[in-house]
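Okay, so chain A shows up in both of these, paired with chain B first and chain C after.
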Partner chain A sequence: MPGNSKSRRYIGWACAYTPLVLMDAAGFSPCRVLPMGNPPDQAGRLLHETLCPHVKILLDRAMSADLPPLEGMVFTTSCDAMRRLADAWKPARPQDRVFLLDLPTDRGDWARRYLASELRRLADALALWGGEQVTGQRLRRSARQRAELGSLLHELARLRATGRLHGSAAVLQRLNNQAATLPLEEATDVLRSAAAELRQEPDGGTDVPIYLFGNVLPDPDTFALIEDCGARIVDDDLCTGSRWLTTTHFSAAGDAFQELAAALLHRPPCARTVTCSEPVAMARELVRRARACGARGVVCHTLKFCDPYLARLPAIRQALRDEGVPLLVIEGDCSLRTLGQQRTRIQAFVEMLV
Partner chain B sequence: MYYLGLDIGSLSCDAVIIDGEGTILAWAVVPTGARNRRSLARVRAQALENAGLPADSVEATVSTGYGRDRVDGRLAAVTEITCHARGIRALLPQTRLLIDIGGQDSKVIRLGPDGRVAEFAMNDKCAAGTGRFLEAMSRALEVDLETLSDLDMGARSGLTLSSMCTVFAESEVISLLAEGVEISEIALGLNRAVAQRLRAMVRRVAPDVAGLPVSMSGGVAYNGGVVRALEAALGSAISIPEKPDIVGALGAALIARERSRQVR
Partner chain C sequence: MMNTMREYFAGIVNSLEHKLEVDPVQTRTARRKYALETARLGQRLYSGTERVAWCGVAAPFDLLNALDISSCFVEFVGANLAGSGMVSTFLDRAESQGWAPDSCAYHRAVMGAALRGMMPEPDVLVATSAPCSAGVATLENLARHFGKDLFVLHVPQTDSPEAVALLAQQIKEMIRFVAQRTGTTVEPARLREAMLLSNQARELLVQVYHLANRVPSPVSSNDLRDLGIVLPLFFGTQAAVDIARGYRDELLRRVDTGERALPRERIRLMWIQNRIQFRTSIERTIAHEFGAVIVIDELNDVTWEPVDPDDPWEGLARRMSGMPLCAPAEQRIRHLRNLARSHRVDGVIHPCHWGCRQSLGARGLIQQGLGEIGVPMLDLAVDCIDTRAFSAGQVRTRMGAFLEMLAQRPSPWS
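What follows is the complex of A and B.
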C-alpha cells in the first residue's frame, strides 16, 4: 500500500488491462487494489456468494474502508464479475468516482479503434477529476518510466529463476505488489534497490522447476508455500505476476491513443481475451513458455468461479498432455488457507516430477 | 537393517516394518483418534513388538498421510500419493491405475510402466465418497461397516441418491428408511453413488480405462459393495492386495529403504 503522502493523488485499479500510463500522464498515482486480507464477509450483502473471490475481496475491502484515500476507481469490463464489482462499488463507496472502461475481447482493427475512443473518454474523465490534460508528450514520458519499471521487474524475475536473487519467490511477489501499488518513482527506487541488494551468487538449488500459470495470486506466502513443497517457480503467467505491466512504445508522430489501445490489446492476454481465429492460441503459448523456461511441469492456479479460465482448461490440459508436460490444476480463493489445503497435491506433483 | 513406514491418516495410523530385502516383517493399524501423536507412538510400538525388534534396530523411517510432518526422527515425509504408488507396485506390480479411498480423501493415480506416478486426481475438499462418508451412512443405517459391505446383496435395482454431500446424504438415507425403502436398495444406491464419483475422477487421469490393470488400496477396499459398484462403473475388474489399508505405510517403508541406501 502506498504511503500517506498528501501530495499524491491515488486512483485505484483492479485489472491488468488498466491503462496505467494514461493515469500517470494525467498526474495521478495508479494504486492497484489487491485482494489481500481476510476472507470476505461483507460482499455478500451486495453481490451473490458464488462469485469470483478476487472481486468479493476487493468489494469487502471497499466496504471495510480498507483502502488508501482514492480520487476514484477505474474498472474495466474484463469479465462479468469485474462489471458487477463496478456496479457494487457505487453503493459501497458513494464518495468515489468510478469509471468503467469498455474492453473489447478481440484484437482486430475495429477493437483498436473502439478502445482508443474509450481511452479518450477516460482521459476526459480524469481531467474532470482534477487531472492534467493528457498529451502525447506526457504519455511518452510515462511509458518510458513504466518501461524502466518493467525492465527492473523482468531482471528481478530472471535473477530469481536462476537462483541469483536472495530470498524465495515470495520476495519477488512482494516486490510485484509494491510496484503495482506504490507511486511510480517510489516503486522504481524500491526495485532498483532490490536488484542491487538482493543479487547473490547462484544458489545451486536442486528444487524442481515449475511454470506457474493462472490469474490472481498476490499473496507472497502462497509462493513460499509452493516453494516449500520442493518447487522452484522459474516463470509465471499471472495477472499479479509477470503479466500485470503493459509495456507501451509510442512513436514520435502517431496517434498516442491508438498506439496505447494497440499495446493493451496485444499485451500478454489473460483468458478473457479471445483470438477467434485461434481458439487454442493460449494453450499453445503456455506450452511454449513452459518449455522455454525449462519447467518440468505446469501448476495452474485459477480462482473459483472464474469462467474464462475454467473454459480454457480443457484445451490447455490437452495441449500439455500432447506435449508430455505434466499439469496440476488447483482452484483457490486468493488466500493461503485454500492453498494450504492443496499442499498434498502440490507436494505430490513435485514428487512426481523429481 | 530394518525400515519403518508410518501412514498417519485421518481414521487410522498404519505402520509397516520391512527388512533389507523389502520383505514385510510386521504391520500394525490403530485408530488415529483425536491425538495423533499418541496413536503414532502406539502404532510404532505395536509394529516393533509384532516384528520382535527393538526400537533402535530401525535404520530409517519415512512418514506419509496427513500427519506426515508430525513424525519425529523421520528420514523424510512423503505424500500418500507417492507412497501408495510405491506400495502397490511392490504388491501388485501390474497395476497401472490405483484407486485409493481413505478416511477423508480419495485419490486416483495413474502409474507409468516403471511404476512411477504419471498423473493423479484427488478429492480433498469434501468427505463425499470417502471412509468418513461410509461411516456416516453405516450410522444412519444402524449397521457396522462390515455388515454395510454386503448389505447391497439381493438388491434389485438400487435407487439414485440425490445428494453426495455426507451430511445431506445421511438425512436422505434416514428419510428413505422412514419411507420403508428396503435397506439393501439404499446400500446399493450408496455404493453406486461412491462409484460414480470415483469414475469421474478416473476419467480425469485415464479417459480410457480399457486394458489398464486397476487396483485398489485404502480401508474402503474392504467394502465389497463399493468394489463391486466400482467394477461395474469402470467395466473393469479390480485387484485388491491382501491388506489394502497398509499399502501407503508399505510404500513409505520401501522409500525409507531406497533413500537410506542413497544417503549411505
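What follows is the complex of A and C.
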C-alpha cells in the first residue's frame, strides 16, 4: 500500500504489461492493485464465480472502497477476465477514470506499431487526467530509475537464491509488493536499505532448489509455506515476482513509444502472449530457466480459472517431462488457505526431489 | 478415426439430399439447405484432399473461401461432436491429458479430437484474439500439435482509426501468409467477386432478420438457430447467398400467409450467444407447455456495413471488431437492449456456457443492463457442449420457473 504522501497522484494498475515508465513520465505514481486483503466477496454479482480470483478480488476491493485514492485505473486487454474486469470497474466505481490499453496478442512487427499507437493514446489520456506531457527526456529519466529498481530486485533475488537473504522468498515477495505499490523514489529507498540490511551469511541450508512459475502470487506467506516444505525457490517467473518490472532502454534518437512497445512485447512472455513462430514458446523457455538456475524441480502455481495458463499447461508439462524435469502443479485462489491444503503435496514433491 | 467423422458428415449429407429430392415442395426448407451446406463443409474438412485452415470465430472466411481453402472455426468441431452424441469420449481424453475441466468444452472437445487423431491436419491456422483468449490458446496448441504455421489476427478493443487501419493491414498480411502456406494465389477479381457475394448475403440477411421480427413470430425457436455465427463460414460464396435467399423467400411466404411459429404465442424470448449444441427437448417443451418462442438470438443480426469490393480491408476490419462478442460489454449490452426492444422480448435466456470467461464475465452487467429496460434474464448455467454435465430435469425446472414468472408479469412493451 502506498504511503500517505498527499502530494502523490496514484494511478492503479493490474497487469504486468502496464507501461509504468509512461505513468511515471506523466507525473503519476503507478500503484499496483494487488489481490490481497479480505474484502467481502461480492464481485461474482457483476462478473461470475468462474472468473479468476485475481480479477474477482480486485473488483471486491474496488466495490468495498479498499483502494488508495486513485486518479484513475489503467487496465490491459491481457485476457478475457481482465477485459471483463475493465468493463465491470466502470459501474462498480463510476467516479474512476478508466483506461483500457489494448495489448496485442502476438509479438510481430505490426504488434509493436499498434502497441506504440496505444501507448500514445495512453499518454494523451494521462495528460487529460491532469498529467504532464510525456517527453523523451522524462521517459529516459524514469527508465533509469526503474532500471535501478530492477537491479536492486535482481540483486535481492540473487541473495534469495543463494540463501543470503534474511527471510528468504517471503521477504523478497514483500519487497516486490512494496516496490510495485510505492512511489518510485520511496520504493528505491526501501530496496536499497533491504539490500544492505537483509544480507546475511549463506544459511548453508540443504533445501531443495526449485523453480516457481505461474501468474499472480502476491502473498508473502505462501512463499514461506513453500520454503517450509523444504524447498528453496532459486528463481521464479511470476506476474507478481520477477516478471512485473520491464526494463526499457530508450535511445537518444529513436521513437520512444516504439521502443517502449518493443520492450513490453519482448519481456519474458506470460502465457497470454503468443509467439507465432514458436507456439507455446514459454514451454521451452521454462525448461531453459529451470535448468539455468539449477532447480531440481518446477512448481507451477496458477490461479483457478486462468485460461491463459491452464491452456498452456499440457504443452509445458510435456516439455518438462521430455527433459526429465519434475513438475508439481498447484491451482490456487490467492489465499494462503488453499495453498495450506496443498502442503502435503508440496512436501511429498520436495521429498521426491531430495 | 478420421473415417468416423467423414462417415458422420456423409450420412447427414445423404439424408438431407434424399429428403430434399423426394419431398422438394414440403421439405425444401431453408433450414434443411443450411444444414446441408454445413454438413458439406464438414465433409470437405474431413476429406483429406482439401486445403484446410483452422481458424478463430471472427476470421474473415470470405477471403479464405476466395482462395478455395476449406476454412472453419475450430469450435465447429466441438459443436458437431456434441451434436453427434460422441463428445464425451473426446472431453475425457482431453481431460486425461491435462486439459482443465474448468475450461470451455468447445475447446476441450477439439483438443480431445486432435489427441485422438480426429482433427484433420490443417495447412495453416488463423487465430482471432476475440471473442476469447481461450480460442487463441486452442489454435496455438493445435499449431504446436500439428507443427503448422499460425497467424494471429488481433481484434482491437478500440475503434480508433489506428486500430481499424492496423487490423485492415493485418488482414491483408494474413491473406498473403495463407496463400503462401497453401500454394494458392490471391486473384483480385476473385476477391472482388467474394466481397460482392458477401454483400449480397448481407443484404438478404437484413431482410431475413427484418421479416423474422414480427409479432407473432413467423419463425420457430429452431428456424434460425446459430445462423448468425455459422453463415459467415460461407461468406464470399454463392452458398451463403442461396441460404439467405432461401430464408428470405420462406419468411416472405410465411408473413404473406400469416403463418406463425405457434398457434398462440404467449412469451417471446431472446437467446444469448450460442445454443445448446446437443439434442435436448428445450425448444419443444417451452413451446408446448408455455407458448414460448425464441424469437431472436444475440448473434442473428447484421452489425456491419457493406464492404467495398474494391478496397475491402477496412470494411472487413470494422466487421470483425463490431461483432457483439468481440466488443466491450458496454457495446454488447447496447446491442442486446436494441434487439430486446425491436423484437419486443419478454425475457432473455443466457445459457452461461460453463468455462466461457468472455461471456460469463459480462453476465452480471448484461443482466443489469437488460433489467434497466424491464427485461429479466435467466442464467441457465449449462454447458452447451458437455453432455455429461447436462441435467434435463434441472434445466426444465429453472426454465419453467422463469417462464411462469414471465407469464405473470405484463410485457415490458405494453
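Throughout what follows, the second predicted complex is superposed on the first by the 351 of 354 C-alpha atoms of A that agree within 3 Å, B and C clash if a C-alpha of one lies under 4 Å from a C-alpha of the other, contacts with A are read in each partner's own complex, and residues count from 1 in each chain.
The rule is simple: contacts are C-beta pairs under 8 Å (C-beta built on N, C-alpha and C of every residue); 3 or more make two chains touch, one makes a residue touch a chain.
Computed from a prediction, not measured in an experiment: that's the story for all the values here.
Applying the stated clash criterion after superposition on chain A shows that chain B and chain C can sit side by side.
Contacts of A:V274 after superposition: chain C is touched, whereas chain B is not reached.
Taking the Cα centre of chain A as vertex, the centres of chain B and chain C in the superposed model span 80°, given to the nearest 10. By the document's definition of touching, of the two partners only chain C reaches A:P314; chain B does not.
Counting the residues of chain A touched by each of chain B and chain C gives the higher count for C. Of the two partner chains, chain C is the only one that A:T50 touches; chain B does not reach it.
By the touch criterion defined above, A:P326 lies against chain B but remains apart from chain C after alignment on the C-alpha atoms of chain A.
When the two structures are aligned on the shared chain, A:G163 is found in touch with neither chain B nor chain C.
Once chain A of one complex is fitted onto chain A of the other, the partner contacts of A:Q347 are limited to chain B, with no touch recorded for chain C. Of the two partner chains placed around the shared chain by superposition, neither chain B nor chain C is touched by A:G27. Annotation: superposed on chain A, chain B and chain C show a minimal Cα-Cα gap of 5 Å. Across the superposed pair, chain B and chain C touch chain A at no common residue.
Remark: chain C residues 97-100, 102-104, 107, 111, 127, 129, 132-134, 136-138, 140-141, 143-144, 149-152, 154, 156-158, 160, 162-163, 166, 169-170, 173, 328-330, 352, 354-355, 357-358, 360-365, 368 touch chain A in the complex.
By the touch rule above, chain A contacts chain C in their complex via residues 44-48, 50-51, 55, 77, 79-81, 83-88, 90-91, 100, 102, 104-106, 110-111, 113-114, 117-118, 121, 271-272, 274, 276, 279-280, 304-305, 307-308, 310-315, 317. Note for the complex: chain A touches chain B at residues 326, 341-342, 344-345, 347-348, 351-352. The part of chain B that touches chain A in the complex is made up of residues 66, 78-82, 116-120, 122, 124-125.
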